[in-house]
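Listed below are the structures to be examined.
Presented sequentially are two complexes of chain A, the first with chain B as partner and the second with chain C.
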Partner chain A sequence: MTSISLYVDKKSIVHDVDFLTKLIYCCVFIVAPIITGAVILGTFSFLVSLILIISAGALKKLMPIAALSLFVLLSVIIIQSAFIQGYHDVLFTIGPVHFYREGLIHASSIVVRFLDILLAFSLIVLTTHPADMVETLQRKGLSHRIGYVILSVFQIIPQMAQTMKTISDAQRSRGLETEGNIFIRAKAFLPLIGPVVINSLIGTRERAMALEARAFSAEVKHTYFRDEPVYRYKTPVRLILLLLLIVSIAWRLL
Partner chain B sequence: MSKARNLWRVKLNTASIVLIPAAVAINYIGKLFAEALKLPLWLDSIGTIFAGIVGGPVLGALSGLINNIIYGLTLSPASAVYGIASIGIGVASGVLAHYGMVSKLWKVIVFGIIVALVSSIISVPLNYVYYGGQTGNIWGDAAFAFLNAHHVNVILSSFVDNILVDAPDKVVSAIVAFAVYRVLPKRLTILFDNSQETTTLD
Partner chain C sequence: MSKIIVKSLKYKYPLTEALALNGLTFQIERGEFIGIIGRNGAGKSTLCAALSGLVPHFFKGAYGGSILIDGINVKESKLSDIARKVGIVFQNPFTQMTGAKDSVTEELAFGMENLAIPKTEMVRRIDDALRLLEIENLRDKNPFELSGGQMQRVAIASILVMLPEVIVLDEPTSQLDPQGTEEVFKAIKRLSNQGMTIIMVEHKTEKIAEYADRVMLLDQGQIVAFDPPAKLFSLSNLEERGVRPPVFTRVAKGLDIHDQVGLYPVTLESTVNEVQKVYESH
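For the complex of A and B:
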């Protein structure tokens, strides 16, 4: 069964870092550029995240994520630099549309902030196994029920995608049109999604009984399937990150 | 009085726990089908709305939150932040369903519009931080550009941008969730019903 997670299974310095430290990194590298408001710092933290992702060997999986947001970023640049009122300094003109310098500067700060947030999150997601994240959180007190919910989604979605294929074929063989103009396609939506949804909901009852039969709601201390990953440089790395945050707050205040 | 207490009470029993992953998967499948059929809507909150209808606002909110955590882990890490909007969708669906808004088609349409309003109000500040107010949808962004060019303030244009895309999306999602809810066997939906004291699995 194919995995839907973005996790890249490799060995690297970044993979060795524990989930909590990465989480702190992510928060600091998102919050610090926003606090200081400096585009330079945003660009810097973007580059740091990028280098870390490359060194983890996860650049290939980053590409589709980046491509997804490319279109949005492009429209941000066009709209912010050409359609916002109150700018005067025309940089260049394409046809009837003037592009303003102030707008372009504003757009570039949006793009940098966006890429910074995107890469900081990507770094965690690409280099941490979902099960590790959930187990770390469970050790910190997250309920095992919520942990189950998150991990089971990773199993249910591929299953449902399989059902989705079966049902699409079944409905098409009964003569359901799934191509054509927008009304034909919109009409096909309910007959396609209906059976998949009902199927999965009926499955929930069975799933619940299966869990109950395995003492899911037993009131005893639960054990973990995986060992707790230990990261050797946890304390110094976390301290440096906190220091960075304090420096950026100080920068803002001065 | 007891009605209000039931609304926010949640039984995190095994039946409710397995509803959440199903709701998240329904969201995901809705999005996949919408993409496969090239529909101009996202349709990625059917499951959240459904969870709100059958399980109440708390289960709806949990489904919305976990939905976006999963999106963050699988599709686009930055979208996890929109979990706040998904929580709003789940809570709104649960509350509206509790007050009888899922009995007739016209009520379901109003239901969808209210849910869209709630999610837009929450999304606007997020869009502002992320994209300077845009949503990334062509139709909505065209409206955003038009309003901006006519001196309407950014917050309002951003809201219009959002609601233009959200309202049809949430209305269709609500209708699908409603249609599924109507045909499901009672022995299944009763498992998630907070006011029921009898049929449980544990």
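For the complex of A and C:
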């Protein structure tokens, strides 16, 4: 099944921790390094998240996210170390471009922070079932309309992509150029938009009607078919996280 | 008292001139199987929407007259309350999947979650619906991985678990292949045998003739006729109304084979009967 959810369905200690605790983890591990201002702590947080992701068996799914962010990081490093004015200490030179030591240090602290945030969020997304995330929030009072939108996006977008492909195959079989340079493809793409947009607009209205037929706007407190998963380690993990936060504040103050 | 009582029902979509429903008055009894036929634009889908409360609660516009279902006035009731009385199934199975659930059982649970049905009751109703529609083997599948016929039966099941007393189906097989169509018809037949009131828009008149107790012919938002299949398909000007009678009826009309009161046969069985009578009399 094509779904854009990144959830990795496995059993692990990380999977057994509830969504809210993971959210708290995410906040603490992003905030603590910023409070202390220590790059070393950022590196530590990043490594902890990485180890947890590996222990949850989700490293493979992390790769596409990592590959995407690599591009961002590389450009940060290059811009910071080569093109920012005011640095003096040249580390090395490629062609006409000088790379500065101060810039590289600055860039590396940005990179660490970025990776820290990225991995903390990935940890949540990779190890929590989307429905569990949304239902946790719904039980805490999130509107079920918003919950529905979040969940349906995971499946309906891939479905729209599928429709797009079906239509583009159909157009190609009627001789429309859908390959070649960017202009040829743009020209082939435009007539596609019409059918896809109309299709999805009609589809959206029909789906809205079908939802209403299933009492979507009933104003009662919902019940849930999925059982609330039995989570473990909730209290100890939260205590450790709290302790970490206190320590990092103390570190800053002392 | 009749299950459904419709009086002088009129309806006009917003920003349009013509009445989509123009003064409908009729009654439907508990457990009846009603077929609705008529050309494109006749008002069939609009009538389905009115019976299920989507008109006027989802589609606004001008509304006159009344629909009473089980004593409840559709216009005065909330959609979520009407949904417990009347379920509606649409053409496109794909758009009837919520897209927010990744197994058939969870998909079926959606409507019941909205109505705050307790979990144990959900499980019971889901099991019943899966069995009735013969899709027990699909329970853990992702709804989007199913064939059209399977998906449409899941759509019907997802309505069934809300325990409506009436099910409205708007061309439920028009987007399915022959096998899917057969599966869905069999499923609807079983619902009808269980005593459910069924209202179905369908172009395949052979199927209507076989299943329906009465057939409503609509044209320009009005009822042209509302009769048992044999009487309705014996009308002479059907093709002008955009309706093709069942193939048996067309053959019988061609050969002028009819019963004592002048009605043409509409199903395979009745055609064979009438033809036999003609043979024997010679």
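Just so it is clear, the second predicted complex is superposed on the first by the 249 of 254 C-alpha atoms of A that agree within 3 Å, B and C clash if a C-alpha of one lies under 4 Å from a C-alpha of the other, contacts with A are read in each partner's own complex, and residues count from 1 in each chain.
FYI, contacts are C-beta pairs under 8 Å (C-beta built on N, C-alpha and C of every residue); 3 or more make two chains touch, one makes a residue touch a chain.
If you're wondering where the values come from, they're calculated on a predicted model, not measured in any experiment.
Of the two partners, chain B and chain C, it is B that touches more residues of chain A. After overlaying the two complexes on the shared chain, residue contacts for A:203 are found with chain B and with chain C alike. In the superposition on chain A, A:225 makes contact with chain C only, not with chain B. In the superposed model, A:44 makes contact with neither chain B nor chain C. When the shared chain is aligned, chain B comes close enough to touch A:84, but chain C does not. Contacts of A:121 after superposition on the shared chain: chain B is touched, whereas chain C is not. By the touch criterion defined above, A:131 reaches chain C but does not reach chain B. By the touch criterion defined above, A:212 lies against chain B and chain C together after alignment on the C-alpha atoms of chain A. In the superposed model, A:251 lies in contact with neither chain B nor chain C.
On chain A, the patch touched by chain B and the patch touched by chain C overlap at residues 148, 152, 156, 203, 207-209, 211-212, 216-217. The touching residues of chain C, counted against chain A in their complex, run 49, 52, 54, 57-58, 78-80, 83-84, 87-88, 90, 92, 94-96, 98-102, 105-106, 109-119, 122, 142, 144-145, 155, 158-159, 162. Residues 1, 3, 131, 144, 148, 151-152, 155-156, 159, 203, 206-227 of chain A are the ones touching chain C in the complex. Listing the residues of chain A that touch chain B in their complex gives 4-6, 65, 68-69, 71-72, 75-76, 79-80, 83-85, 106-107, 110, 113-114, 117-118, 121-122, 124-125, 130, 133, 143, 145-146, 148-150, 152-154, 156-157, 160-161, 164, 168, 178, 182, 185-186, 188-190, 192-194, 196-198, 200-205, 207-209, 211-212, 216-217. Residues of chain B touching chain A in their complex: 12-15, 17-22, 24-26, 28-30, 32-34, 36-40, 43, 46-47, 50, 62, 66, 69-70, 72-78, 80-81, 129-132, 134, 136, 138, 141, 144-145, 148-149, 151, 172, 176, 179-180, 183-185, 187-188, 191, 201-202.
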